[in-house]
Amino acid sequence: MTIKLHEKILLTGAAGGLGKVLRESLKQNCTTLRLSDRADFGPARAGEEVMLADLADADAVDAMVQGVDAIVHLGGVSVDGPYLPIVQANILGLFHLYEAARKHGVKRIVFASSNHVVGYYSQGETIGIDAPPRPDSFYGVSKAFGEDLSKFYFERYGIETACVRIGSSFPKPVDRRMLATWLSYGDLHRLITACLTTPVLNHSIIFGMSNNAVTWWDNSGAKHVGYVPQDSSDQFREEIYAQTAAPDLNNPAHTTHGGGFVVQGPY
Amino acid sequence: MTIKLHEKILLTGAAGGLGKVLRESLKQNCTTLRLSDRADFGPARAGEEVMLADLADADAVDAMVQGVDAIVHLGGVSVDGPYLPIVQANILGLFHLYEAARKHGVKRIVFASSNHVVGYYSQGETIGIDAPPRPDSFYGVSKAFGEDLSKFYFERYGIETACVRIGSSFPKPVDRRMLATWLSYGDLHRLITACLTTPVLNHSIIFGMSNNAVTWWDNSGAKHVGYVPQDSSDQFREEIYAQTAAPDLNNPAHTTHGGGFVVQGPY
Amino acid sequence: MTIKLHEKILLTGAAGGLGKVLRESLKQNCTTLRLSDRADFGPARAGEEVMLADLADADAVDAMVQGVDAIVHLGGVSVDGPYLPIVQANILGLFHLYEAARKHGVKRIVFASSNHVVGYYSQGETIGIDAPPRPDSFYGVSKAFGEDLSKFYFERYGIETACVRIGSSFPKPVDRRMLATWLSYGDLHRLITACLTTPVLNHSIIFGMSNNAVTWWDNSGAKHVGYVPQDSSDQFREEIYAQTAAPDLNNPAHTTHGGGFVVQGPY
Amino acid sequence: MTIKLHEKILLTGAAGGLGKVLRESLKQNCTTLRLSDRADFGPARAGEEVMLADLADADAVDAMVQGVDAIVHLGGVSVDGPYLPIVQANILGLFHLYEAARKHGVKRIVFASSNHVVGYYSQGETIGIDAPPRPDSFYGVSKAFGEDLSKFYFERYGIETACVRIGSSFPKPVDRRMLATWLSYGDLHRLITACLTTPVLNHSIIFGMSNNAVTWWDNSGAKHVGYVPQDSSDQFREEIYAQTAAPDLNNPAHTTHGGGFVVQGPY
Amino acid sequence: MTIKLHEKILLTGAAGGLGKVLRESLKQNCTTLRLSDRADFGPARAGEEVMLADLADADAVDAMVQGVDAIVHLGGVSVDGPYLPIVQANILGLFHLYEAARKHGVKRIVFASSNHVVGYYSQGETIGIDAPPRPDSFYGVSKAFGEDLSKFYFERYGIETACVRIGSSFPKPVDRRMLATWLSYGDLHRLITACLTTPVLNHSIIFGMSNNAVTWWDNSGAKHVGYVPQDSSDQFREEIYAQTAAPDLNNPAHTTHGGGFVVQGPY
Amino acid sequence: MTIKLHEKILLTGAAGGLGKVLRESLKQNCTTLRLSDRADFGPARAGEEVMLADLADADAVDAMVQGVDAIVHLGGVSVDGPYLPIVQANILGLFHLYEAARKHGVKRIVFASSNHVVGYYSQGETIGIDAPPRPDSFYGVSKAFGEDLSKFYFERYGIETACVRIGSSFPKPVDRRMLATWLSYGDLHRLITACLTTPVLNHSIIFGMSNNAVTWWDNSGAKHVGYVPQDSSDQFREEIYAQTAAPDLNNPAHTTHGGGFVVQGPY
């Protein structure tokens, strides 16, 4: 079920992996889907419009936001690496985005946060949406920042944000960690739709995962979002186990929620 | 599945909206269903007996309670309004009812509490059964009182009570708030049955809602009651969204659990 | 240190045990102290005025409240007993009081709640101000009601209330239970003063006890009230132990917070 | 789905009730299933090997453990009784077992703990995996000991243990308490399999029960184990209610999680 | 202030370090102080009696306990080491002790537990009395066992126990860890006295430490015990810092509550 | 008591209000105090060295950090305002600082965080150090970022940080809010000293306030830091009340922890 409540939704990071996926499915949620990314990714199709913007450019971000009803913000740096680009896109860029939303009256934002906000928890424990952040990387810290900034904008200006801590959204899981973190494309769309359409969102945190048997995250504190996953990684479990080695329990990349991120750097 | 453990169950408020619904279904739970309300509502049918009583009349309440095995207490004022009638029916009346239960050895009561006990929580947050009360009205305060009084009777005299915080029990949801709060008639009966038949109830609080996608309430602290909803408001979601306006997020009547109750009065 | 912020404070229950004590000390907190009780207790002295009122009489309560800046509400039934008088004074009377406060713009109330709201906890455990109520008596239930009603008035109308769960306020402790629950008269005044003068009170719960070595209550959740006790029951401990028998651990009157209240009744 | 990750699994208590059940199903989880018990229970079958050991005999336990990849430890005293045998098998024996595991490099153990670790909770309340222990018997204390000892071995030596607090694993439930505690044989195997195959287990506690409507236990803190029950006691509910008497709420054997254990002894 | 409530108190482990200290001070708490230890430690003095017992000897323990009003149990193995002696003295011996207490009607026991029950917590965090156990050694596991066993005896038989998690009780602190864990001899006696004399003890856990500036333990959940420390390690801080090296933060012996215990063994 | 553990401490923001205060007192904590600020503030005095640096300049920050044992970081923007300078100094600058600390082996940092991290809590409630952030301003968001970044550096690289959420550190409180938030200069130094000298700090959050009667913050979760305040705002209370108006409870600047910050902006 897709409910269309919005006239024009802005999708940032539209040329990225998940951007391409949501470019298809989010069309059902609005009359016009405005697409944005940093660099040219081709022309708009029917029902779309394209507006390029570097997140570090305040004026470009302002123009990108003007005239939309809601924002699905996938843009910015989505991997770990040196902090300067992360500061530019994920921190300064997010200030630009929320300021533009405030100025132009956009009242609901779906912010692609990340499991790397809580990446230092162990895979041998289950946490809820209220577990204190334990960011595992510069990237994770920048997403924790985004959760805080959006909370400020909600408390001060009433702009509602869903911070979706996306696990691993791919066509199918490809390693053992992903059996827990997998978010199918169908469930990704269902989750974004829930965030866009629940009557009252406030500032909410929700983990982005399918209905996987093994998981480390408990969304029971976010029932008000109304996300009901319909897919599961379980069908891939035997295959993945057959193809991959057992985790090395002395390697934090194998034992933490954040996986490989916890051992990257320094840069 | 309906398990019949009781010889005679008293249903108060039998002439009210939910009373009429349970009048039909509760027959399966007992040999004789004693019906009561404040004013005459016609003759008893097969398997029923009728005993009218004003809750503010101690003797009438005593007579009403004598001879039953269990009580489903829907009676009293069920909307907000001036406090005097609420004190008479929902407070003084409840003292009468529990005293009568104590005197006559009734050991299990299903008390129709209300979501208005927690009406001031925001629809943008999910709470469990142990969230501190935030009553939204005189009515809500009277239901919080009922939860406390029944706790006392459990701790002092071992009378078990299920405080069912009923959401919105109607044939179908009719506005966006009800998508979260809806309790189908079938689930209403399943819930009351669970409260009547679980082996050990103690003093328990449970939210009365169906298996709705968007909800604000988490019953996981009340698994011992054994309520498993089978209906959902989701089938009505598109229709409701089409027929109703978006909530005004500056209006607490649109954003709190209690809905319209939080803006009624003063009287 | 006593800070005088109010022109006229209403003290209800002024002819009762604690009323007499506060009649003396509260004079420092205001220009005029309005005294009220149910029956005549003699003439006003300098700086006082007397206005009798039965709490069950809405008009009398309304008149009693008109023209004051703040209320210290000790009035009502202060022992356990049949529920009808308790409903009249502590429930219906409290509705009257808060409605009058709303109508006349009184914005801060100190409500004499009671440890009997949590009377069923064991003396072998320590609870904070957020422990769920476990009322031990009709009286305790009526005080729990008062805490809920005042919460409603805070959330709806911004009337601030301190619910002071008074332990045992007497010249000195006279039994072993009071070693834990004792609130000296000096600390009683300090506590009321703190409630009247802290800049922002909201709806707060605080236990009323001195700085006793053995206690069952932890006020660390109410630091914003600013109560700093200066007395202690410890100086009386040896004497009390010498004069009183050891508790009977099979008698709930000896082992619960509520003491004797948990075994009174039924009436 | 059964995933086979282990070459050789040791199953202790193999001649007991659940041992016999798992002897069949655990074969799917490994190439060779080593069976052990205190006394001779017949020859090994295909894919099996038998190695008898008294748990109180350190050398025998050491030999029993040598050469296996994982252990499913059902062995020891599984009922309440005098403490000496319990100390021998469940305490001293467990020291032997974990020391042997440490020496021989066994890194994952499924430990049959018990609901009797929390047996003093009331059936009228729902607890999670983090509820503090309230053991109901010498047996329950010995299982709480096992949970602590295995936690030490995880923190010190990285040996992962799943403490499975088994409810009642029988072909079908036979009394009202078992409606809540029942763990079908199929779900038992699914649960053990989940514990053996989840990528990162750490030291985890999980209740062993099927998907029963009435339950007292909430496994949501152990989602990382990946146990998804597929059976339910509900199909037996009407039959059980018809065949058994209502609980006596004054009898702790009828009202506590631990059932009959809470009234056994002293010995 | 020492209150003498008991006729005869049994002090086990009387020949050990703390036993010698308490042998002096506990005389104030009773008419006769019965002293016990494993091996002969000389004759009784005035007001004392001596009764030797090996804790592993049930009959000797039974005789030792007979005729006393209360027990301060310091006996058993108080360091880490091979598990067999620990099982004999601290586990089997504790079963003997509590069984004897049950048989002979002893209703209050002060059990010398240990910070090693929570030894794996970091010195960089503060925990309360309800933090889940993280035992750091065989010794710590045996003390966790004692806490569980005594809880069982309280819930089943009403025998009250204070589990005192003693930090480091010496004439003065001698290393940096002891600045946090130090319990002066005066405070040790005050704490034991509080446990012996508080009117209702139930089963309580309390950390044994003086009023040290740096500490890792918060006793606010045990106010009902009435322990008010009067000494502090702060006066020794400069001296200790001058005499000892900075902690090696990569060495768990320097960074955990348990200190050196976390790196002892295997044996 | 001041314990001198460090050879060379870097104090940033040395020319600011608190910088000048700590410039005097921190000399006792080290042999050499390195002072830094953005712009020239005069020559070094005995026991000092001066090294100017703009926090946004990575090389300058690197040079500033090289050769010190510990850092007290007061530098950066300390008021609310447009976000660009805050990003430069408090976010990019903090990345520079921690990277420099990592490269040069600095293992302990005292980070001047702020009550504005939790500025949206009400003055009518008391929170502990683990309350979720509710930043009240761009400034508050930048301090929340600093708490997250320093947590990452602790978990990844073992660099210990005390996040000191400074209230209002001035010679004396000057308004009613400061009665709660006041941190005397003496207590400021005691607090910084505690953070610098506690044996194990980990990543800790602590509120910076004196021992004020009215407060909204509870440091009991940070006892391991060893901060014991010795001053109190209470001596100023009468004077402040006489000189200042009562708070307007409809103005969040008067009712929130953050005070005036919650109503500044947009810029």
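Letters A, B, C, D, E and F mark the chains as written, and numbering starts fresh at 1 in each.
The criterion applied here is as follows: a residue touches a chain if its C-beta (ideal position, glycine included) is under 8 Å from a C-beta of that chain, and two chains touch if they have at least 3 such contacts.
Because the structure is a prediction, the values reported are computed rather than measured.
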item: Joint neighbours of chain C and chain A, given as chain labels; value: B, F
item: Repeat of the A-F interface, chosen from B-D, B-C or A-B (over half of contact pairs identical by residue number); value: B-C
item: Distance from the mean Cα position of chain E to that of chain D, given in whole angstrom; value: 32
item: Chain A-chain D separation of Cα centroids, rounded to whole Å; value: 40
item: Whole-Å gap separating chain A and chain E, where each centre is the average of the chain's CA atoms; value: 52
item: Multi-chain contact residues (two or more partners), chain A; value: 220
item: Those chain pairs that satisfy the touch definition; value: A-B, A-D, A-F, B-C, B-D, C-E, C-F, D-E, E-F
item: Residue ranges of chain D touching chain E (in the complex, touch as defined); value: 83-84, 87, 91-92, 95, 99, 102, 120, 130, 132-138, 140-141, 144-145, 148-149, 151-152, 155-156, 262, 265-266
item: Chain E contact footprint on chain F (complex, rising order); value: 1, 3, 5, 107, 158, 160, 194, 197-204, 220-228
item: List of chain D residues in touch with chain B within their complex; value: 122-126, 176-177, 179-180, 213-218, 220, 234, 237-238, 241, 246-247, 249-250, 254-255
